[in-house]
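This is the structure I have questions about; it appears just below.
Read from first to last, the chains carry the letters A, B and C; within each, the first residue is number 1.
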Amino acid sequence: MTAAKPPLSSPLRPPPRGSSTPQATILLIVYALVTSGLLLWVVSSGILDNLGNFRSLTISLSFAAFLTTLFFAYRWNAHPVVKILVAAVVLLVVLPIAGVANSSLLGLGLQIGIFAALALGLNIVVGLAGLLDLGYVAFFATGAYIWAIYGSPQLGKILGNPALEASKGLPGGYFWLFLFLGIAVAALVGVLIGLPVLRLRGDYLAIVTLGLGEVIRVLANNLTPLTNGPIGIVDIQRPPTGLIDGIRSGFNLSTSQFGLLFLYVVVLVVIGVIIVVNIRLENSRIGRAWIAIREDEIAAQAMGVPLVRSKIIAFATGASFAGVMGVIYSAVQTSITPESFTFFASIGVLSMVILGGMGSIPGVILGAAVVTLLNLDFLAALSEALSSLGLPNELDPAKYQRFFFGLILLLMMIFRPEGLMPTTRRKLELHLDDAPNDPDGSASGDHGSGDIGTFGKSEPSSLETTGRISNPVPSSTQNRSGGN
Amino acid sequence: MAPITSAKPTTTKLVLEVSALRKTFGGLVAVNDVTLEVPRSSIVSVIGPNGAGKTTFFNMITGIYSPDGGSINLDGKNLVGMRPDQVTHEGIARTFQNIRLFRAMTVGENLLVGRHARLKAGYWDALLHTKKFHKDEAEGREAAQILLEFVGLGRKSGELAGNLPYGDQRRLEIARALATNPKVVLLDEPTAGMNPNETEAAKALIRRIRDELGVTVVLIEHDMRLVMTLSEYITVLDYGTKIAEGSPKEVRNNPRVIEAYLGRGAAAGEYGKEG
Amino acid sequence: MTQAAAPPKKPISPRSIVGWVVLALILVFFTVFAVIPAWDILAAVMPTVIVQGLILGFVIAIIALGYTMVYGVLQLINFAHSEVFATGAVVGFEAFTILQNSPINAYLKLFIALLSAMTVCGLLNMLIERVAYRPLRGASNKLVPLISAIGVSFLLQDLLRLFEEVNRKLFNLSYNLPPEFTQSVTVGSVSVQSKEIMLVVVAIVMLIALNYLVNFTKLGKAIRAVAQDRQTAGLMGINANQMIQLTFLIGGALGGVAGVLYGMQYGTVNAYVGILPGIKSFTAAVLGGIGSIPGAVLGGLVLGLLEQFIGSVLSLVGSVLPADNPLKFLEAIKAEYKDIGAFIVLIIILIFKPAGLLGRATTEKV
């Protein structure tokens, strides 16, 4: 019998290209040089002092332009080795240098990294398995509070041990252990929450997870002996960098700067691991099970996929990513309050996944970058710039985070529900059928861009879900998500 | 190919024994104490007018509904109370009246999902890319390819399931069901919407499933020609109750069956003349 | 013969028996250790708690109706409903403020406020449906319209805030109620303000009107038809789009009324006032069985009572218990827990009754 390997497409690796083109390679190198140069010049030269209120905006825009290098490194048809080199230099050389010159940039880079990891975790839950979790931030909070409690004076306060209080909790080296504990505990919480909750239908699941997220936040806010209530926990330790202190003094950096840089590298490493985990799981038995569940639960069950078990595994996996990032977040911020873990934050991560493209690894990273930059950086910078132009206080952009969030979500869903960098699979899923003419809305709605299907699959309708014998729009099966 | 006999299967070992299965929805008795005995490696059919309860019957066997009474035994093992995925593990597979393929997955991926119950590598194997994982995946792909060739879709494994023509979609559903390595496969109206050529091809495929794979086939069908020429044994349901059973010849001359389909007073009519 | 419309009745599952037994045990435990020792204080406090609970419950119930009706016809959680409610609260504020110095009857002022809120919010809801939901009605992925709803919700929060900041340079808006509304009336052992009585009256009138509309008019029948089976309703000549818009109109109007009542009762509103009541009301709708109108009312009342109970009674009871009482920890339950009490109850109910208290278990035809 022939053991021919069927060409199963893997939607997340950019499909194997032909050969890379030298033009693209050169373009990439030039682009990287230009944007990096621009950024470094902006942060280190004195020009900013002359810009007054446009200072922040300039930094913002240069930083954003700089980050787009990574985007193009992914998409352009450049030589693979060059792509990797460019990405490495951008992330490991230029960004740290810029970050040392301007610490807010390093902080921003860290936030993007942390939220990218969160988005990757939620990507498994929502993007692969199709479970709408509106309380994802609860796992993040779990990880954060674990290290916050054990790695700060809070531990001493709880146990009534002044020595522990003075030493700020367990020795800082325990941070590494707690990275793994963060994974384990968050996963455990995920399983415990999932067991009763994951048998519920989509909308119910959404509202229950939303509720659970709020429950965790309120508990954090009110269990003061444990979590120090609304004030939060301060003085959280960072992992010690004693062993490589030589590097620190070599570059003449302060302890705090170096600590932050160190954590930045840790974040990059963890993201790398998360990406590998994501890819491996998606192309395995469990990954296919998740996608099958998302597409059609009943058919998946008929194929032997255990529904609740698979969903719990997805939940726990997603939770574990959030857990480990929570631990890191605590160390980066050195102080946390329950206000970092609101419903708004959960929706924020969800919007990153949606914006970027559900199920798409590069997509959600892009989404994380865009949303984080918008929220933490761009709006504030814009508002500063506009204030000097006499804009009335009421129209200050920085106060309108929700407006922009909401607008992004709405516009994306109407015009490009598959996201900015969708997987091939997702694009096809959303645009699979033809649109029949339906003037009074009784069939399924008069939509312009051609996505029509029966509205909602598992609804209380006594109609049989019709097997579709339509001629689907022949969106090309060779559609590439990454190439050009 | 073994000739289709019309002898009532009694002595051969039964692979599936359904006794007095019952299902009530509110005030309506959908399935009323139906008994079905399926001998190993046979092709049997369950027929009846629309609304007779056939799909509900299938749904109980595969665990989607829980029966209000009766028993389901697969090779002696009681399946009542099992979830659908557990039933598939035990060895019953099915296709759906309205095709339920994973439309945004490729043909090959659909089959690999079908293989879920038989693949052995777990979560940690996938994470760590152990040898077991690689071997498992390779075996899965191989099995998928074999099955695709068996149903005649050998060269389409990279195509998107949603893009396949209707006849191919039906075949893919069958291949996917076979990927679960079943003892019994339940086909729910597998030739609905097919033209005569496709129906003949489907008929040949069903026979090959029994002859080459040894898998037992239980069929729900409306195409009487197909049913009469393919089945070894036929059970007829009407309003949830079994009204007749026997060989094709016995069934097609049964006045109660004719009445159920054509109404009281109808002559023996077309069905009596079918070959 | 056609399939009966009633859903399959499952035999009583062991899980449900366990649930009832556990519930009974908890109630007994609670009675013995908390109710009896704290009887005096409970007796004194309960009437007020119940009255306040019902008042809150009515407001939540009316908001919940908006959620449940929209869910019934579109199977969509209208996340923006909380902002429609907030808009109603703001419109009410504007109405009362504009009419502040006019000599017309106080009850007429209330009527004008309610009518304006109903109109504005009804139209707003219809607009939302047209712009954000209808284009997505064919989406094969259920998450798409839901995310769009969340987007609209956030958008409206800030738009509403912009409106009031530009209009009146204020964020927090305090209702300027006519003095007639703040008079106290004593009913039995409870003292209520006349505005609270007005609230309940308005709420009940709304509920009666809705019940009449949905169950006794042709329009109502059309809405119910679209909710049950949109395709067939279309085949019967019902214009589904129009009925859906009508549903949104009604839901929005109800949200507007609830907004005015809320502002009247609690005094101060702002652009973000809808968020928490919105979540609670949706929880109430789910609790009662999403899609069920009586369920939304039941859920709302239960939630209102529960919230008052958790917020006021539990810690009070705890404080009078002796130190060795196992339920002494109740004293530590702070008021903020009342907000999540609803969720905890919801989760518990859904574990044992996944379709909610009055919901129908739906089966998908395979």
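The criterion applied here is as follows: contacts are C-beta pairs under 8 Å (C-beta built on N, C-alpha and C of every residue); 3 or more make two chains touch, one makes a residue touch a chain.
Model, not experiment: these values are computed from the prediction.
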item: Farthest-lying chain, centroid of Cα atoms versus that of chain C; value: B
item: Chain pair with the greatest number of C-beta contact pairs; value: A-C
item: Chain whose Cα centroid lies nearest the overall Cα centroid; value: A
item: Distance from the mean Cα position of chain B to that of chain A, given in whole angstrom; value: 44
item: Intercentroid distance (Cα basis), chain C paired with chain B, Å; value: 48
item: CA centroid of chain A to CA centroid of chain C, Å; value: 33
item: Residues of chain B touching at least two other chains; value: 64, 96-97
item: Interface hub residues of chain A, defined as touching at least two other chains; value: 298, 429, 432, 464-465
item: Contacts with 2+ other chains: residues of chain C; value: 3, 5, 366
item: Footprint of chain A on chain B - complex, ascending; value: 62, 64, 83-86, 88-89, 93-94, 96-106, 108-109, 112-114, 116-119, 121-123, 125-127, 129, 133, 136-137, 140-142, 144-146, 148, 157-160, 162-163, 166, 176-177, 179-180, 193
item: Sites on chain A touched by chain B in the complex; value: 1-9, 277, 280-281, 284-289, 291-292, 295-296, 298-307, 313, 425-426, 428-429, 432, 464-469, 472, 474, 477
item: Contacting residues of chain A [partner chain C, same complex]; value: 126, 130, 132, 196-197, 199-204, 206-208, 210-212, 214-215, 218, 221-222, 298, 347, 350-351, 354, 358, 394-395, 399-403, 405-414, 417, 429-430, 432-433, 435, 440-448, 451-465
item: Chain A-touching residues of chain C, taken from the complex the two chains share; value: 3, 5, 71, 74-75, 77, 132, 134-148, 150-159, 161-162, 165-166, 169, 228-235, 238-242, 244, 279, 282-283, 286, 290-291, 334, 336-337, 339-340, 342-344, 346-347, 350-351, 354, 360, 362, 364-366
